[in-house]
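See structure below.
Chain lettering (A, B and C) follows the sequence in which the chains are written, and residue indices restart at 1 in each chain.
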């Protein structure tokens, strides 16, 4: 069932990030792909610029390598809560969905804060039996997300 | 499947509010209906008084008009995360459900806070092929929800 | 359907706690069982020690009795938001799942804070027509969860 498959993809995506298995992250995308983090303001105004941009698995992998080098994950952890998706089937078997999310950041000293909220605007396709993201636009509600960190959202 | 339809209704309801398509909000209800925001304390004690009360689509539309006039949505945005519903089928095809929720408020300067948590206590009926709320009681955990704003929850 | 049954169990579990029907809490477990609250750090390092440990319904009931005596629930309430589960079927009909969660604490004065985030690492079995937890490991992201309270998570 489609709704269940979309839910499972979202659950596995979030788990890979939260369990610090970042090297698995590019595999959730087709190659080429489109991954972009932007703000609701920019998205509404149709502005192309995003905080983060990648259009291939290679670029996603580069980002993971940069995060590893900066030891970001030694210092903090994340917890994604992913909400109910609104799903639409599109042309050529592509699946369009919008899904709200909330991310909490947990610092090494144990303190927690609301890191980001927003919605995923996705285009998914089937590839080799798996559902993958051809496009994942991460539209953050706040325009003040900590962009230097550039953690996968 | 019932669980899926309830999930979809909840997802669309939250999306309409979070995407600032408030004019669509009354359509999720039957006419007449019952929409009430109350606190867990009041709900437990069986008190009728609520922070917000509407018993028709017209009253819901009036509320939206008031929010538009006050430009509330120029100054802040909301993000609903809706949890897993506990569903019971009732008499005459009515569906009863309780569903937890959490709402984050995002201010124009980018700061975020936990705005409200609680549960929806719902009675839904089918109408013209759609599931709609005949009753939606929004039972907030905290009694300190900012009532002046009276944002749809 | 398995995914739906797991979701329902999680929804009812969270509801029993959040509605302050704690006496119902042990019934979600088999007897004997394993219930443990631990931190992601300890879990990753394979350390056995947990903040809370119970291996029978009796021990779970004792914990509830202690909470009642301390009147914890007079002073605060909780709201669980439970995310999408990643489910695997195991040997002998046991169901393994990992499910993210977020818990908000609501104080009597109405203030709210993020109390805990993490994931449930569960083993479930069918017993008398119901799905029950044979094991529920509550792996908190932060190691600074308020352990004195020892609220069911």
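In this section, contacts are C-beta pairs under 8 Å (C-beta built on N, C-alpha and C of every residue); 3 or more make two chains touch, one makes a residue touch a chain.
Every value quoted in this text rests on a predicted model; they were computed, and no experiment measured them.
Residue numbering shows that chain A and chain B use the same positions for less than half of their mutual interface. The rotation relating chain B to chain C, fitted on Cα atoms, comes to 120°, given as a multiple of 5. Separating the CA-averaged centres of chain A and chain B is a span of 27 Å. Counting partner chains per residue, chain C has residues 81, 102, 114 touching two or more of them. For chain B in complex with chain C, the residues that touch the partner chain are 3, 40, 81, 83-86, 98, 100, 102, 114, 117-119, 141-144. Contact residues of chain A toward chain C in the complex are 4, 7-8, 10-12, 14-15, 18, 77, 79-82, 102, 104, 106, 109-114.
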